[in-house]
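Next come two complexes built around subunit A: one with subunit B, the other with subunit C.
After this line comes the complex of A and B, so read on.
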């Protein structure tokens, strides 16, 4: 079910809202659970069994770890120091085994369903070239909806329980709701148990302001997805569909328009999803924070797809940096290389795994590995050359915080991100290379013959400008919905009605337009 | 609800209702503004080729045939005119689903009172990507608020159109028939091989079919089913499904794919298809249409209008039609 379909917006949300507020407060979560499983069934049918496997496994795993901990806690006071230490070590070891099992089962499932084809294709190719006679069978595997998202949420939960940051949830329904909530299941945000489970489970009283703000956010999200993203798709698919036909300014334009498309699509869907949650009094985490105002790659990935970066930071980066191996590496580097490198190397080591994971999470292809490595190398540069950059500022006297310099940093980051997007969208690594090089050649192709006429381009330009203005206002900390809500009713309603009309008139839907699946939906 | 008083609740409920009404009004307004003012392609009408009947004299048609592209390529009403003076029209939309057939029938009935309506039964099994229910809902919504179908017209709508000025309708001398002189033979196997199977008509499609038949019956129109020769979309299982339905309701069903029927028309897959088994070319369409003309004249009381002064334009259309099918002129749209 697409978040931009009539079915979702009118029937599904409408029915769910009515049912939710008719139910007694304590039972309202059941409506959400039922709705979410229905949503899932419509999308993936029998594959719902995988979601259930994940839910049941982490439910039981968390409870098992809690049992271990409780068993130890009940006897520790009565033990001698030596025995206590031994028992504790044994308990910790058992807990570790449980959490590892949970991670292996669930990440294993994800890895198998998502990466088997990539893995077997490469193994076969390698085997063939080395004449090893290996031939892994080609399996037709289908991915259940949202597996890349809910798996991370589930693994995050079970690791949080392991670390003692969250208590194990005894209520299966609450955990099931947390993992299956229809707002997050298709393309995130990757939710944390502590942030979402409680409030999703709690029944909420109708709050007019929250409800209407939610509806307005949905409207804004629809505008971004249907008017901008789906329209931009016309140009993007034309150029990326036959990249060898275009060069120069056209490729640059396509790259920029793709960046607009993916942002409007993903952020737009996130707004629809957050608005949907607000209708039920649920606050869904933000996934974007005006990413194109970032002054560095690091900052960009803290503002773009925020929940993914945060997940990698908490569940890959920190464990790796704090691991014994990494500490040893740092000490070795400090001793044998330099104090600077002694600091950098552990971080660089941990970051490698973060970016590798980021890359392959996005897809099972070498292109995505390269995508991760691209940002890894950029981040590494920043780390390695930090002292030199510091010297640069000192020597030139440039004020880091000055407006022009900040603008330069934003522009530089924007360009680097666009190149990353070019890689992300190109069919493959070689195609990306070809397109990248072609940007510096003479222009082939005419900007009006790329699948969009002058009206379409005007809409796109106006829309991009509007998104920029919204971004600037948000950067300044202004809550736009509140500002609009404080206007007299005639102006408010003109804005809402205007947005509605814009979506109906300018949306890229209906005859003449293909259906554009949300870009992050098939993960 | 966290309300301080009943008054606030009422006020807020009213606001929500009013806003919804406003949205409906806006949809109405935008629909009125952007609806095409003529049935022509240049006027922005979608599937205008199936809507040439708007360019005919009111209540002048004897026959209206409704279906998909198989119909538009296989049925040439002018053949009926030339041999029997019957005024017919082929309303064929590509990939038409049965719920769209119902809508098109309703459109025809706004300006015509045919004695016979023919349904090309391919539409019963036409399922677009999203399935019958979604298709039904989408079509319904698009008819309720045409802006949802025609919203792109904001790019091309003219001032006079916005003022509501109706434009001259497009007149189709081909009466909805899509001419093709191409010849690509169908050389495949026997797609009508005997089988015990019967393909079930989807429940939602069935409802639309019932509605189609009911509309005709209520208007006193005789309805009949026809299936054009189609190697890629027809088979015995589907024949059986339609035949059963037709016989249970006493509706004539002519399936040109059945061997004896095909023989009667003289249809030949080697010479009469334009794309290897999907659509007919002129040679095939002529054979089918001539046969249908003879059949209709025999079984239904249809007048010969060739001497009728009201049908003068049809005589003129004959020469335009002849020029197209004799290959002298390329069939273009928007011949007004």
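After this line comes the complex of A and C, so read on.
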């Protein structure tokens, strides 16, 4: 069920809101849990069993870790120092085994369903070329909806329990709701237990202000998705569908429009789900923070798909950087290479795994590995050349905070991100290479023969401009929803009606437009 | 204190570490800088920093970092 469908907006969401507020306060979570499982079952049918396996496994795993911790805590004070140390080490070892088993079960399921085809195709190709006689069978595998999102939330939960940052949840319903909440299950955001579980479980009273804020966010999300992203899809699929027919300015235009499409699509869906959450008094974590105002690649990834970046930081980057082997590597580099390399080597080593994971999380193909490595190399440059960059500022006297320089940094990041988007959207690595090179050739193809007419292009340009204005206002710290809320009622409702009409009249649906599934729903 | 300041100036020069009290929240240092600082602290002060210690509060100022080091040395 798409978040932009009539069924979701009018029937599912409408019915759930009515049922939620009719239910006694303490039982309202049952409506959300029932609704979320119904939503999932409609989209995935019997594949719901995978969601249940994950939920039951992490529920039991967390409780087992808690039992180990409690058994140790109950005797801790009565033990001598040496005995206490030994018992603690043994308890931590047992907890580590449990958390490892949980990670293996859940990441293993995800890896098998998502990467088996990719893995077997590569192994078979290698086996054939080397005449090894290896042939892995082809399996008919179907990916459950949102498995890449709820698996990360589930793994994050058990690791938090292992680290003692979160207590194990004894209430199976609360944990099941946290992992299945319909707002998050299709495209994220990847929620943390501490941020979502409690507030989703707790009953909320109807609040007019929250309700209108939620409705505004849904409208804005629908505008981005239906008016901009789905319209941009026309041009993008034309050019990327037969890339060899185009070159020069047309390829550059397609790359820019694809960046707009993926942003409006993903951020639009996030606004719809955040708005949906607000109707129930639930604050869904933000996933975007005006990413195209970033001055560096690092900053871009702190503003784009924020919950994914934060997950990789907490559960891959920190533990790998702080691992004993990695620390030894740093010491070795400091002693045998240079103090600067000794300083950056542990971080650079950990970042490799972060970007590799980021790449393959997006899909099972070599181009996604290359996508991750593209950002790894860019980040590595920043790290390795930090002393030179510092010297550059010192010698040239350039004011880092001056407006022209900030604008240059934003533009540079925007260009680098767009190249990454081209790699992300191209069908394969050779296609990407061909398109990249063709950007510097003479233009072939006409901008009015790319699947969009003048009207479509004008709507797209006006919509992109509106997104830019909204972004600038947000960057300036202006809360547009607060401003709208403070307007006289007549103006307020005129804005709502205008937004609604814009979506109905300008939305890219019906004859001449294809149905565009949310781009991030397939991950 | 001096040892810590020398690490910080090596990792990211050009910041007034003595007076700055919001190094992380004011985005003067990012997570990559924090991790480089962490590995240097582990080396210089012979302490073990866990992922759970890597929270913004522990790296907002020199004093906060010093407090963290002292706690870890006592553990």
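We take it that the second predicted complex is superposed on the first by the 523 of 523 C-alpha atoms of A that agree within 3 Å, B and C clash if a C-alpha of one lies under 4 Å from a C-alpha of the other, contacts with A are read in each partner's own complex, and residues count from 1 in each chain.
Here is the rule we use: a contact is a pair of C-beta atoms (placed from the backbone, for glycine too) under 8 Å apart; a residue touches a chain by one contact, two chains touch by 3 or more.
Fair warning: this is a prediction, and the values are worked out from it, not measured in the lab.
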Touched partner set for A:453, first subunit B, second subunit C, both or neither: first
Which of subunit B and subunit C A:7 touches, first, second, both or neither: first
Contacts of A:165 with subunit B and subunit C, given as first, second, both or neither: second
Which of subunit B and subunit C A:392 touches, first, second, both or neither: neither
Subunit B versus subunit C as contact partner of A:343, first or second or both or neither: second
Touched partner set for A:207, first subunit B, second subunit C, both or neither: first
Per-residue touch tally on subunit A - higher for subunit B or for subunit C: C
Which superposed partner A:327 touches (first subunit B, second subunit C, both, neither): second
Touching partner for A:501 - first (subunit B), second (subunit C), both, neither: first
Those residues of subunit A which subunit B touches in one complex and subunit C touches in the other: none
Subunit C to subunit A touching residues, read off their complex: 10-14, 30-32, 35-36, 38-40, 42-43, 49-52, 54
Complex contacts: residues of subunit A adjacent to subunit B: 6-7, 205-208, 453, 455, 493, 496-497, 500-501, 504-507, 510-512, 515
Touch list for subunit B against partner subunit A, complex: 1-2, 12, 19, 22-23, 26-27, 30, 34, 46, 129, 134, 137-138, 141-142, 147-149, 151-152, 154-155
Of subunit A, residues touching subunit C in the complex: 163-165, 298-299, 302, 313-314, 317-319, 321-322, 327, 330-331, 334, 339, 343-344, 346-347, 350-351, 379, 382-383, 386, 390, 393-394
